[in-house]
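Several structures are given next for inspection.
Common to both upcoming complexes is chain A, partnered first by chain B, then by chain C.
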Partner chain A sequence: MTPLLEVRDLAVSFATDEGMVRAVDGVSFSLAPGRRLAIVGESGCGKSVTALAIMRLLAPNARAEGSVRLEGEDVLAVPDSRMRQLRGGKIAMIFQEPMTSLNPAFTVGDQIVEAIREHSDASPSEARAQAIAWLARVRIPAPERRFDEYPHRLSGGMRQRVMIAMAMACRPSVLIADEPTTALDVTIQAQILDLMRELSEETGTAIVLITHDLGVVAELAHDVLVMYAGRVAEQASVQTLFRTPQHPYTVGLMGAVPRLDEEVARLATIEGAVPSPRAWPPGCRFAPRCPFVIERCRTEVPPLAEVGPGHVAACIQAPLDRFAAAA
Partner chain B sequence: MSTLAVAAQPERIDSPTRRSLRRLMRHRTAMLGLAIVVLFVMIAVLAPLVAPYDPTRTSWTAIRRAPSALHWFGTDENGRDVLSRVIWGARASLLAGVVSVGIAMAAGVPIGMLAGFRGGWIDALISRFTDAMLACPFLILAIALAAFLGPALENAMIAIGISATPIFIRLARGATMAAKVEDYVEAARAIGNPRWRVAVRHILPNIVPPLLVQATLTIATAIIAEASLSFLGLGQQPPAPSWGSMLNTAQRFMEQAPWMAIFPGLSIVLVVLGFNLLGDGLRDAFDPRSR
Partner chain C sequence: MAGFLIRRVGQIIPTLLFVSLLIFGLQQLMPGDPALILAGEERGDPLVLAQIRAELNLDRPLHEQYVLWLFNVLQGDLGFSWRIREPVAKVILEKLPVTVQLGLMAFAIACLIGIPAGIISAVKKDRPADWVANGVALAGISTPNFWLGIMMILLFSVNLGWLPPSGYVALTVDWRQSLATTIMPAFVLGTGIAAVLMRHTRSAMVQAMNQDYVRTARAKGLAERIVVAKHALRNALVPVITLGALELGTLLSGAVLTEQVFTIPGFGKLVVDAVFNRDYPVVQGVVLVVAVIYVLLNLAADVLYVLINPRLRHA
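Showing the complex of A and B:
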């Protein structure tokens, strides 16, 4: 099957006072219709920048290279007018902060209607009917009444539902969700994730989920892309990645997730912090924090190598099984 | 359960504007300011009905008469009724205030939004130009422009409007820069809105409150500026009445006929106070945290 969204060697650089800084380097992945891919990593690893690059919403001082193909069309090369049709029409996005992502000056209904009318010839009354139907579909109670309400009257979870309705209203083929549940209560998080899964199953919309939360990944995604310091560290299906992580960084991330079924005195942490894009270490960028580091790691850039069926990792020591006893 | 809670609430759409208005209504001094402003607006609009005499009719038998039952505010050096002139003068003052601020906003807000939204060299150019204009004192600039354009009320309004423009450029620029990094602006672009519509539909409504506050306060400044220009003979031309030109004439008779100065002077103070109280109240109503 031809992929819906294909990203090849995406690199994003920012022009700063200290010259060009490359925040994302050589990211590649592809997404088939109806699939849900999670991009996981710490703050500053380039996951949000990747999402914005795909939407072509980067700040003017940023430059994206490589190719992003959406149903065969090169997103990075199309004219602005075509890009506006794609945004919202074929590829939509929801953001981390539902409290600030809705315009306080308009009713929620108006904002959904705007999205619908931007991408279809619906009359105002048709658009209104569609918007109310979408509000009902994202399970907002009393949608006719909510339609005329202003965002400040809604809770965070409700607003995120509205954002989802707005993003899905034009039936995009890809939905990018940038930390959609980070700002929400745990109970609401689960509801929003369920909703997203249902909508993607019903409509066939593929989802790119940006998150730092492995719990969210396990709930929603089919495939996972782990990013570290602007590069892909590891990519696999959810089951494979959780069962046999092959990059020391992924292993560290798993150790940092609290579990109920194991008695652990202290949660594992990964020592140190993500290096700055201004001063990436040569060789493997995880080397300064890696517990399995060897001398070659500090000089050689590890290629993404296949370590199993559909499973790639950028570690010269992979597979890591021989460390399993030690760790 | 949540549906029950929703149903129990009154059927009322609570827009942010309406909330601010409700706060404004509870603001006592703002309401006092509003009452003063409304009073003067009514006087100006209904001038032909409420003025007891023709403001330009001279009477050689009633020159510089003190206030009396016949002439409540007295008469001036040509025997004209001061009350009628104050009433008709309100037209010139309010018109000058509103029209010049209208000019300043019509020019300043789009330019300021352009600077704030686009940034880069466009912003640098507009900002340096604005700084240069702001370096000249407001009134001096207005006087110079009015003198250049020639003495007439219309020219005074244009001159005051141009002088007040940089204030609005700067304010609109700052507010736009603050609004354009909001998530909802990015969200608006993510659903495919073109830039101009993001600016007009998503940013503009959110920068209206500070602009409205500034406009109210600037009307007060513009009224003083119009009075100053008229005082200098650059605004309303005789015999049409204006508070500023009335004061100019009155200064020659300060000792013999103080009422000629007191009433137009008092009118300026009152209407400026009214606009300032209203402006302060609007600021509190739009941003309760700023108090």
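Showing the complex of A and C:
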């Protein structure tokens, strides 16, 4: 079966004052219909850039290489006109900042209707009815009244619900959610995650969830892709990854899982800072921070290798189980 | 919206009262005894002087004078020109249509050139179209209006003979001739403002195009044209409107040099003549009318603001 979304060797470089900078380097994954994949990693590791490359929404100074196939269609190669049909139609995206992601000058209803009418032949009144139905479905109270409301009248959580309604209204097969709950407070976060899980189960929409919060991953995802410094560090199902992480970076992240009921400094327990794309370390990019580092790590780029069924990790020392056994 | 309008109009009244106090105060500071000036030949006759003082209420205490003056102004009586020997209101009413016509034409030209140029250079930021637009705008800002005016007269009137070099024909008399006599000065005034509008539109658009909601609009699959013209422009226009209102106010208070170059009998010329001849009632009348125009334009800008930016509706 062809996967719904297949990303192969995606690399993204930016033209900057200091020359070409490669922010994402050889990212691959595939997503089956209805599945939910989380992409996790610290700030700056290239999660958003990966997502925007898939949507072809990168800044003009970016160049994306590799392949992104959506239902077999090469997203990076289709003409702009086709890309506009795919965007919002087959693959939708919501963002981290619900406060600024809606246009302050138009009512939330208008903004949802605009998306519906862009991708269907719905008449204005049909689109309005659909938009109101979606507002109800994302559990916005009094949807008829909210329809005519401007975004500034809604709370952050409500606006993110509007964003979800807008993204789902055209029944996309993939929804990319870039840190959809990071800007919200904890109780609202949980509600939004519940809502996303429920909608994906009801509609069969697959989700790519970007987060730096492993608590959120456990809550929503089937599979996890751990990214470090523009590369894939490890990929596995949620259970496997949580039970037997095989990459030292993942193990480090686990030590720093914030509990959903606490405000914990996220991912703060790994010593050292994420390197900059302007100066990636040679060899394994995690080497400067890795407790398992050996000499070879600093010269050899560890390939992504199978460490178990459906479980890959990019570490010379993997599998790490033998360290646990020895201890 | 209705509530907003009522509140906003309510706020204008104190502003206008303040303006009137200021103008009345200035009137008191002006040198020369108006009675002496008005009496002319008969300035030696104390009876005549007393009569004039009584007519002008100059024999009353200041606060009474102010109330009486304000009362007259509200009835459209702006006093009497010392030089032209006609009511100031009449003099202003003759010149106002000229300046309004010229100002509106110039403003239309400024908007039609400046706003689209600003949008294009924002969208094509750091590319040739942007450089060209910026270069032309810089040239537009740094070219003195009187010089551009003279060059246009040389080209279109003297060499090509297409347009009359000077003078003014009222719209009501012959609209073609009227446009022919005002198009060059309107262009001269309009291009200067177009350059300023262009730079403001550009920076507001560059800022808007970087907003998250623009990315959302693109993520919906909207065509770039709609993203720019609907989602970004709507928000970028807010600061441009304020600037536009100010520029229009400046235009409507008379463009002295340009009116001189094209011998257009508008406000600019009226004020200059009045100042040189110490015709203070006319100067005051013009200042008053211009102040009122500014206040009203500001109100219009605020209303437009709120129509464009719903966040202000409840503020």
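By our rule, the second predicted complex is superposed on the first by the 313 of 327 C-alpha atoms of A that agree within 3 Å, B and C clash if a C-alpha of one lies under 4 Å from a C-alpha of the other, contacts with A are read in each partner's own complex, and residues count from 1 in each chain.
Keep in mind that, in the parts below, a residue touches a chain if its C-beta (ideal position, glycine included) is under 8 Å from a C-beta of that chain, and two chains touch if they have at least 3 such contacts.
As the structure is a computational prediction, the values presented were derived from the model and not from experiment.
Upon superposition of the two complexes on chain A, a steric clash is found between chain B and chain C. In the superposition on chain A, A:92 contacts both chain B and chain C. In the superposition on chain A, the chain among chain B and chain C reaching more residues of chain A is B.
In the superposition on chain A, A:148 contacts chain B only, with no contact to chain C. Looking at the shared chain after the overlay, A:118 reaches both chain B and chain C. Once the two complexes are overlaid on the shared chain, A:309 sits clear of chain B and of chain C alike. By the touch criterion stated above, A:105 is placed in contact with chain B and with chain C alike. When the shared chain is aligned, no partner comes close enough to touch A:19: not chain B, not chain C. In the superposition on chain A, A:84 makes contact with both chain B and chain C.
In the superposition on the C-alpha atoms of chain A, the part of chain A touched by chain B in one complex and by chain C in the other spans residues 55, 57, 84-89, 92-93, 95, 97, 100-107, 114-115, 118-119, 150, 152, 163, 166. Note for the complex: chain A touches chain C at residues 55, 57, 84-89, 92-93, 95, 97, 100-107, 114-115, 118-119, 150, 152, 163, 166.
Interface residues of chain C facing chain A in the complex, by the touch rule stated above, are 211-213, 215-223, 231, 234-235, 308-311. Chain A makes touch with chain B in their complex at residues 55, 57, 60, 84-89, 92-93, 95-97, 100-107, 114-115, 118-119, 141-142, 145, 148-150, 152-153, 163, 166-167, 170.
The touching residues of chain B, counted against chain A in their complex, run 2-3, 6-7, 13-16, 119-120, 182-184, 186-194, 201-202, 205-206.
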